[in-house]
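Shared between the two complexes below is subunit A, which pairs with subunit B and subunit C, respectively.
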Partner chain A sequence: MQIFPFIVVVWIVGAGLYGIVTSRDLIHQIICLIVVQSSTYVLLLGVGYVTGAVAPYFNDVPVHTPAVDPVVQALALTDVVVEAAVTALLLAIAIQAHKRFGTLDPHDLAEFKG
Partner chain B sequence: MDQLFALSVVVPLLVAAALVGVKPLLSGRRRVLDAVAVLTAASVTVMLLVIMARTDGGDAVYWFAGFRPVRGIAIGIDFAAGPLSAGLAALAALLVTASMIFSWRYFQQVATFYHVLMLTFLAGMTGFCLTGDIFDLFVWFELMGVSAYALTAYRPEERGPIQGALNFAITNSVGAYISLSGIALIYGRTGALNMAQIGAYISRHPPDRLVVVAFLLIIAGLLVKSAIVPFHFWLADAHAVAPTPVCVLFSGVMVELGLYGIARVYWSMFGTALGHRAAISHVFLALGVLTAVVGALFCFRERHIKRLLAFSTISHAGMFLAGIGLLTPLGLAGAAVYVAGHAMVKGVLFLCTGIVLHRLGSVNETLLHGRARHLRITGVLFTLAGLGLADLPPFGTFLGKGWIEDTGESHGMMWLTPVFILCTILAGGAVLRVAGGVFYGLGDPPAEEQRMARGANEETSETDADRQRTPLTMLIPPTVLVAVAIAIGLTPLGPAVEAAAVRFQDQAAYNATVLHGAHVAHPVSPFPVEAAGITVPGVVRGLVSAVGALLLAYLALYRRRLPVLRRGYQPRVGLSALAEGFQSGVINDSVTWLVFGLACLGGVLALIIR
Partner chain C sequence: MKPAHRRWLFLAGAAGLAAFYLWGLSGLPGFGNYPGPYGPAILRIAVAQTHATGVVSAVNFEYRGFDTVGEEFILFTAAVGMAIVLRTLRRERERSPVDEAKDRDAPPTSEAVRTVALLFTGPVVVVGWWLASHAQTNPSGGFQGGVVLATAFILIYLAGEFLTFRGFSPAHITDAVEAIGAGGFAAIGLAAVCLGLPYLYNFLPLGETPGAVSSSGTIALISFFVGLEVAAAFILIISEMLEQTLLIRSGGD
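Our next item is the complex of A and B:
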């Protein structure tokens, strides 16, 4: 494991969180949430990466060839599915927000607290 | 027997999928939809109760597709259920059933997706309780989350739900991704995703920084879900706007599931490895007590009944965390019973609020003053549940909280009891104030409370046009739940629950059961096991809380006649503005607090675990 992917992960998380905290537009905020989540893909793949190894399917390579960890790739794939669901739902709600209130600013929306 | 594990999540998911599939056939046949959903939830409840009964003092383990561990190495995915986890799942299923029966006549028009979302929500909660795999824990967490976000935004044509759902979804998603990062790190270190195997691996090696960071990250996501201060800002907004039957689930089990996750992660993975038991216990206790106090204070100043109940949930979540955080069998047993009792009374309170909303079209305490006098049964149920929330014996709540306080006292924390009693009095007093004012018209009629009333917007009705009477289907669930809450307090559960708690905390036994198929019927606790039962001091403390709450409610209702207050005392505007500023409802602020809390928690853990 190298240190580089982890620096990238921290950078992506930081950028995404900074975006969510400072954003004045819901769509931008939701995209920043996706950015935070993308850090987990990098982290997962970074954790399972083996330098010089092949992709983890063993059709035409000799047995005992080093391969990168397939489990983390499965996890990243599941993660993508989760993200798709969350993002779709959030964007649908954001569209409703725009339709009802004509604004996408989270500060304005907070005025409509139930 | 084994198949029951799989069925308990497969049945709700399949029925949910089928309901979406046959949607065109069901248009105009709403009752079929209701009946199928209620029956499904009820059957899941029965399955989980059977699983709980058959755990036989140990953990029952089910390996999907029969991939059993080979030489102690897990290659498959398992469900591992002890009495506590199966019991919590059964509680969730019971509450889902109750809310479904309640919503039989509640919604004006109900779309298919309400039932579908409730069932996927149920599947998510059940899977979260039963799973023995850390990545699956995240997946179930998200399934539960996505259903809950959608249910919060169930009435998107209104203003509140949009804001509440967005705040809920974004804050919780950030928490979930933080947890996932922790899971990835721990996988990188151990090469395992099975909780038992991770625990076995890291307890063989000295804990290093990576393990501590992973622990911090996993815990942080769960703390967001369980609304622990300062991660709690999403909760009141979401509770205030979600349909009332859904609030029952949010308050009754969803928040508690976050705490269950913390307990499960701690005792199946990190407990032995991290060490520093006393220091970690203090961190949990500090978080719990802070949450209990903050929640109780905000609860008392609230006039919007659903928000008031939401803040009371935050306060109680803090006490549950303190019970778990004592890290002893009796503390955990107390938290478990307290969770069950609280789920019942809080469910009743929300359902009665739903009835008030159905009949009178408002949930604003000030506007409703004295207007619900004709809802006699609802009033009695609400008052009973309010007394239950204030720990009146024999409600189950007094038993659970008493055990937590007993544990605190035997560990030299004498301050814990008065703090808890004070929090209970504040939250219970607020609820009883609502009961007295709304259902019995007690107290001075509200006149000069415009400033307070402004915060509690009118909610338009979620319900049927026919409001002349309360349907029976709306009265039965709260009645049953009150009865169950009393039954929990009267049944001699003590030894059984405590044995289950000892079992839950025995990491070695859990590892042996999951990885080697051993059956450990009598686990040993490394700590002295204190007797759990109904004690005289416990009853006295419960009575003190209940009487205190009644007195506080009385004072709050007639506060303008008090000599000090008659001279035009007003809460200081600056203070009240500060409190409102905290609960701004802006998503950015919730996430800022989340990052702040994460940084503080990380700093504290870095200091204590070196």
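Our next item is the complex of A and C:
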């Protein structure tokens, strides 16, 4: 059980990478990239978890109650925002690729060479 | 490269990755035993130092404030980049937003969708502002609140039409709000510099009670500006996407 969350992380990375490598559609490929990135949330929250601790919010509990690491939680928030930004930009590029080449299949796109 | 070759190459690489990963894992502290120096140190001092009971927000807008400026500008750059990538190309023209076929009825939006979307718009705006303005006490903040606020505009799009959505969020206003949000954050940091303090130093009064809405000084103010920026950026991104489907036509049409 000690390393189980980290095994889940590598499983999510692997599933997403497999999707990217075998994908025949740019939109599907972008979604697979999101899957790969979502592994980092599990990793960050898994690293910061402390057994028996509370969330780092001290409205109802005394200030020095043991809490999980707030730094990695803040990093996970950054991660979500960056993912949204990257996804938006990639989708825009996919739209332009489809306009220009009439296809979203990366194998066909490779033949155009720009 | 043939798809089958790709797959074998990937599987070989993935096997190597898994092997190194498992090797790396053997050196990590087990799940639930995090000994890291920064988290415990911040948990010891954060509430007394910032008067924010939400320590994640304190980390984001105070201890890692400088990183969050960068993060906010990533979102800003992505929205601008998207507007540039999706600009009207030479071969395209923007369709007139006026109905071109008045005699033909477009299928109307169903009454159920319209009612639910309109019912939700008000509460969603309230929840969005509540999230953006309670960063110091709740698991919330400008990023979460901004996204929820942007959802209110999508509800307007669902309830009405794209042109109503555009009417509610004219590009020059969303552009300005996005700039005010991003610039406001940077300006709060510079204000501290003008007072002879380090960049983004929390120079405002912290308030009496930790966890009160008026507590935590610049953390609440920065969260407010981040909320503006995020809401405007997402509205811009969504309207760029909608314009692509609804207004842009290739020259041949």
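Assume the second predicted complex is superposed on the first by the 111 of 114 C-alpha atoms of A that agree within 3 Å, B and C clash if a C-alpha of one lies under 4 Å from a C-alpha of the other, contacts with A are read in each partner's own complex, and residues count from 1 in each chain.
The rule we apply is simple: a residue touches a chain if its C-beta (ideal position, glycine included) is under 8 Å from a C-beta of that chain, and two chains touch if they have at least 3 such contacts.
What you see is a predicted model; the values in this text were computed from it and never measured.
Go through the superposed model and pick first if A:Ile93 touches only subunit B, second if only subunit C, both, or neither.
both
Classify the contacts of A:Leu33 with the two partner chains as first (subunit B alone), second (subunit C alone), both, or neither.
In the superposition, A:Leu33 touches subunit B alone.
Scan A:Thr22 for contacts with subunit B and subunit C and give back first, second, both or neither.
After superposing on A, A:Thr22 lies in contact with both subunit B and subunit C.
Check whether A:Val82 is in contact with subunit B, with subunit C, with both or with neither, and answer first, second, both or neither.
both
Applying the document's definition of touch, where does A:Leu43 land relative to subunit B and subunit C: first, second, both, or neither?
first
Would you check which partner chain A:Ala67 touches, where first means subunit B only, second means subunit C only, and both and neither mean what they say?
After superposing on A, A:Ala67 lies in contact with subunit C but is clear of subunit B.
Just which bits of subunit A does subunit B share with subunit C as contact spots?
On subunit A, the residues that contact subunit B in one structure and subunit C in the other are 1, 13, 17, 21-22, 47-48, 71-72, 78, 82, 85-86, 89, 93, 96, 107.
So in the complex, which bits of subunit C are touching subunit A?
3, 6-7, 10, 14, 17-18, 21, 25, 28, 30-34, 36, 38-40, 42-44, 46-48, 53-56, 58-60, 64, 67-68, 71, 74-75, 77-79, 81-82, 85-86, 89, 137-139, 141, 143, 147, 210-211, 230, 234, 237, 240-241, 244, 250
List the residues on subunit A that touch subunit C in their complex, please.
Those in contact with subunit C are residues 1-6, 10, 13-14, 17-18, 21-22, 46-51, 55-59, 63-64, 67-74, 77-78, 80-82, 84-86, 88-89, 91-93, 95-96, 99, 107.
Would you pull the subunit B residues touching subunit A in the complex into a rising list?
Going by the criterion above, the answer is residues 135, 139, 142, 145-146, 149-150, 153, 156-166, 169-170, 173-174, 177, 180-181, 184-185, 187-188, 193, 237, 240-241, 457, 459, 584-588, 591-592, 595.
So in the complex, which bits of subunit A are touching subunit B?
1, 9, 13, 17, 20-23, 26, 29-30, 33, 36-37, 39-40, 43-44, 47-48, 71-72, 75, 78-79, 82, 85-86, 89-90, 93-94, 96-97, 100-101, 106-107, 109-110, 112-114
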